[in-house]
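Once you scroll down, you'll see the structures, which are given as structure tokens.
Both complexes shown next keep chain A, but they swap its partner, so chain B is in the first and chain C is in the second.
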Partner chain A sequence: MSLRDALPTPRIHRDGLNPNAVLISLSIVMLAAFWTLDMVSMAPNRIVLGTGYSAPAAFGWPGALLATLLFCAISFLAWQPSQRHYQALLAAVVMLMALMPFGLIVSSFLLIEPELAQARLGLGAGYWVTLFILLLCLVELRLRLNLTRLWPTLLLSGIALVWWLCATLWLDSLALVQEFKARDQLFLRAVGQHMTLVGIAVSVSIVLGLALALLMRRYARLQKVAFTVLNFLQTIPSIALFGLLLAPLAWLAVNVPFLAKLGVSGIGTTPALIALIAYSLLPMVRNTYTALEEVSPVTLEAAKGMGMRASQRFWQVRLPLALPVLLEGVRITTVQAIGLTAVAALIGAGGLGTFIFQGLGQAAMDMVLLGALPILMLALVVDAGLGALAEALRPGGAR
Partner chain B sequence: MSNSLWRWPLLWISLLLISVVGMSAAEPLFHWVEPDARQVIYSRADFYVLLGRHLFVVGIAALVTISIGVSAGIAVTRKRGSDFLPLVGQVASLGQTFPPVAVLALAVPVLGFGTLPIIVALMLYGLLPIVRNTLTGLQEVDAELITAAHAMGMTPLQILRQVELPLAAPVILAGIRTSVTINIATAALGATVGASNLGDPIISGIVNGNMAYVVQGALTIALLALSVDSLFEVLQRQLRSRLSAS
Partner chain C sequence: MIELAHVSKRFGSEIAVNDISLRIPKGKFCALVGTSGCGKSTTLRMINRLIAHSEGEIILDGASIETYDPVKLRRRIGYVIQHTGLFPHWSVARNIGLVPRLLKWPSIDVQARVEELMQLLGLPVEEFGHKYPHQLSGGQAQRVGVARALAANPDIMLMDEPFGALDPITREKLQDELAKLQARMHKTIVFVTHDMDEALKLADHLVVMRDGRIVQQGSPLALLKHPADPFVESLLGGLERGLKQAALTRVKDHMNSLGSALPAQSRIPADFSLRQALSMMLRDHSDRLTVVDQHDVPVGELSLRKIVKEAHLDKGNSRE
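Let's turn to the complex of A and B:
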């Protein structure tokens, strides 16, 4: 069974007269966070902890009042929700998200004195909370308006474009931008490495997983053994598995020159890839196996009755019907691999995890963010993309 | 019957205890693994201390996540909280995509180094399987059973405690099992942000190139995970047999 099927299908009241308690409470929390928590922090240089500033100091009174007005508008509109009010709410939420970087521009003018070239602006807890709750509002509105996945993706890409424009044009003092500018080449290479590692690990595990699942269907005894071994592998913590592969591979590289020539070494990409594949196999095999098993025997019987040969039945009936669940496995595997690759940075495999662990080592939190945020976004994008693909491939089309 | 039920947990737990107490007895073995190193047994802290800290972190996180997760799941499946159901369901599935390293890394800037960020990261990460399974478990309860219980004159609280929760318990327990087992392995990452636990030997082994340390840390964590996982297996089996008996 796939994860998405296991989830409750949203039950939505369509009477439209009851106040939407979700949006009202979200906007109240947002308002509280906006006025009580620090929105931005300003530090004179990279290592010193910044001093926090609350909303009026950070965005000026006009900015703070404008945001408050929009929060109140959300509460007000959610009090008597109708289709049109929900559309207005969506507009308000999108506008708030698009306005957020402009708030940062205002605070960089207000807070940073021009003679402090090293000064940098950090994002405060209030800023993160507001952003997070706005995303929750977006999820809620998508469900209420019954929008397909495409819409939020388009809106979020638009908002991301605004953010990116603001960051490149006016937000030089933002700590995250400074960290990026100091190592933009390194960053792009790290993203490339990260995606390559994930790509190789996932494609190898798709092939191996499919082969293993097919063998399991033929030899029933293999099934128990394979699942026991794969389950055991998952209990070993990822850093330990990465570490454990260092020694044997280093030994191989020294003693078998042919392998060393192929690039096998104790540290770096090889142990990372082996560990990534080992971890990816369990979700892959499990989903592939259940996907192939779950195909209704009645359908297969019908195919047989139509005179299809065994190979035809597999390629034209079983595999296409199993494909959505199979893709679900690919989705889970890929998302997991994106996170595990970050840990692989500890054994020198490169990738975005490098920034996380270097940043932790130097106590430079903005560098940690530079590594962690793209990993998070990568995971979310892959999740949404493969989820949409699986939905589209479901027999009978999406929804 | 009961003997075979407890066989695996007993085996794993005794292996775990043996490895924690008798790690130094295996010194010659580790010398063979790492012949060049001067010291082959991790000695900055005793293994039982590390094990205790590891269990403490995972235990605190588990207590908090179980109480928050199950009550959130119950709250949104009640009539009054049903407005929040779609959002919570979506967030529980979406949150599963957050890599634990990223959650940990994001917790550090807010909470500083040490044990606190790892506890918070484990709580956030462990919450989602529990919420998801509580929702699934409660929603899978046959609506007619609830109607029948209602017709028998049971109050909503009685229905929840005597009908819904017992029927949903296996699914909820499966969620708790997933959450705790994942967290035991993830807690090892805490060693990178200055929390001292069983991840310590692994990290210092990787940093100093001492394989023996890595083996010791990995072995203990794997045994701990297997012990806890097999205990949950026993619990699930007992629950299932009690459900089918009644």
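Let's turn to the complex of A and C:
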């Protein structure tokens, strides 16, 4: 064996040549889904079950071939992924996502007869799978290109804007759009209710959580009790908790007129808020407590040695240093509350969950989507926003 | 002036500091030396009341420290610790200005003081003022730590192994700078270290501690000449003691006036130490050196025989 062979091959070189298995398999799955699953479905009215259409029928042969070409390009670029190839891949993925609503416009022209005013276009399994896999590609590319959180958020916002424009301008026949148009006022009110419920629940649990965490730091015994209770609350299924609150609150409303005046009743906003706050407290308290405890004792000792009073040490040192972890708790709590609030619709608290449960009752999947998609969007936006804020508040802007 | 009279500290049944008495006159540099766990750090932290002492009395400028408000007491005592304890979410300038701001100085004065101190410690304001602690090297961070402790111009400085976490070269550089600062500012300094060379180099008064008690205290030269017991002797470096003593003695205290004989080839400045002189003799195979002043003009002569003969004499520790 010559010396040259004995030396290890430089890793960077090899990395550049290794095919990116993740992207290649994703693009193959996408291709398979595109050609085998139904891309859209068309129903002459809301009641009738739609008929599915495969890609060539839905987008026409040119559209189907264009998409296939882009999928193949992803496979091809991922075979020898250099930095530039990754950038090209990102462009291809973003382009596919932005082109998807135009595919729907094409199918509405191809599939819907102008005289069928009630006809509606539904999204097929293949369409959802493709969208989901494109999102996975985006995640992989973000990691490979070492992008910050902000970039995908911006790109997705841009794509969402394209989708929204297409939906309002040309996609009247899309079932989702029709469901929205039938109840746009209701929809906006539901979004408002949803956000109000989440906002109140999260703000109350921030205040309560901070107070509890501070008390726990002062009285060590409280810590075990409080965490046991909060952990227990977290294990109750949410629907059960809403149900369990029904009886005692209804009783209170009947027997204590003052509380009834305040709006307390067995169903509606009050029990929903109580349950939401009960669920939000655990992540809030746990994060706040750890955040405050984790501040370096050396730094705090120095603060004391410099002659800072206890209150100065708390407000100027402990709290600011705990803030990023604390905000992480707010983020987790809020995202969780946005999801849970959907269930609150069951006890008449309103919010986007209303559409989900109505849609489920009427077997109208597009109405379920009308409730579920905005919840997903809200959660993503809050997640990205608070995550970025926590990042920005890291001590000294970095670390 | 700081005075500790029969001070003890108990943690439960354990006794960390056991009946120590100590006087540190104003403007003197006192080093507490000992192995880890000997109570030296506890002693230091009792002075600014981060730890309350159990028995005895600690007197600061004529009054027991218990008569001071602990917060006000700490604000008039500079405090430097090993891992700097800088606030990671504050810029360098803000960190340094902490105590003056706590003392409610006008912001213009605070800013001027911060700039003055950064200048003094070799941290240009334009380059470092806005930086955050995590962007600094270990040496730079500890300079900021020292600047922060000096900010409100305290008479007393407590330093708890300030250079312990630094690499040897940076440590030596900071020691030299501290010595220079002290020669100018004459603070009353209590300095905790486990590094005997550091203590010998900086201190006027050396306190050796073991198991919570003071084993021996005195000037560095006195300890080097008459270590009280084998423990102190081993701390002082055993066989190296002679050289350490030589390191504390100046050439000019042992030189002869220029004789009629031909001056030696090797030259040594008068304010170098005997240790450096001995090293030079070994290097140059010479038992005589010509002593020169700062303008390289010969002012005397140093001979090996004379150094060896006078080694036991109490001839001048420059810091006494």
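To be clear about the criterion, the second predicted complex is superposed on the first by the 381 of 399 C-alpha atoms of A that agree within 3 Å, B and C clash if a C-alpha of one lies under 4 Å from a C-alpha of the other, contacts with A are read in each partner's own complex, and residues count from 1 in each chain.
Keep this in mind: a residue touches a chain if its C-beta (ideal position, glycine included) is under 8 Å from a C-beta of that chain, and two chains touch if they have at least 3 such contacts.
All values reported here derive from a predicted model rather than from experimental measurement.
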item	value
Partner chain(s) touched by A:Glu328 [first = chain B, second = chain C, both, neither]	neither
First (chain B), second (chain C), both or neither touched by A:Phe357	first
First (chain B), second (chain C), both or neither touched by A:Glu179	neither
Chain B versus chain C as contact partner of A:Arg309, first or second or both or neither	second
Partner chain in contact with A:Thr299 - chain B first, chain C second, else both or neither	second
Partner chain(s) touched by A:Asp38 [first = chain B, second = chain C, both, neither]	neither
Chain B versus chain C, judged by how many residues of chain A each one touches	B
Chain B versus chain C as contact partner of A:Val317, first or second or both or neither	second
Common interface residues of chain A - those touching chain B in one complex and chain C in the other	none
Residue numbers on chain A that touch chain C, as the complex places them	298-299, 301-309, 312, 317, 320-321, 395-399
Complex contact set, residues of chain C against chain A	48, 50, 71-75, 79, 81, 83-89, 91, 98-99, 102, 132-135, 148, 158
In the complex with chain A, residue positions of chain B that touch it	33-34, 82-87, 89-94, 96-102, 105-106, 108-110, 113, 132, 135-136, 139, 181, 184-186, 188-189, 191-193, 199, 202-203, 205-206, 209, 211, 214-215, 217-218, 221-222, 225-226, 229
Residues on chain A engaged by chain B in the complex (per definition of touch)	3-4, 6-8, 10-13, 20-22, 125, 136, 139-140, 143, 232, 234-244, 246-247, 335-336, 338-340, 342-343, 346-347, 353, 356-357, 359-360, 363, 365, 368-369, 371-373, 375-376, 379-380, 383
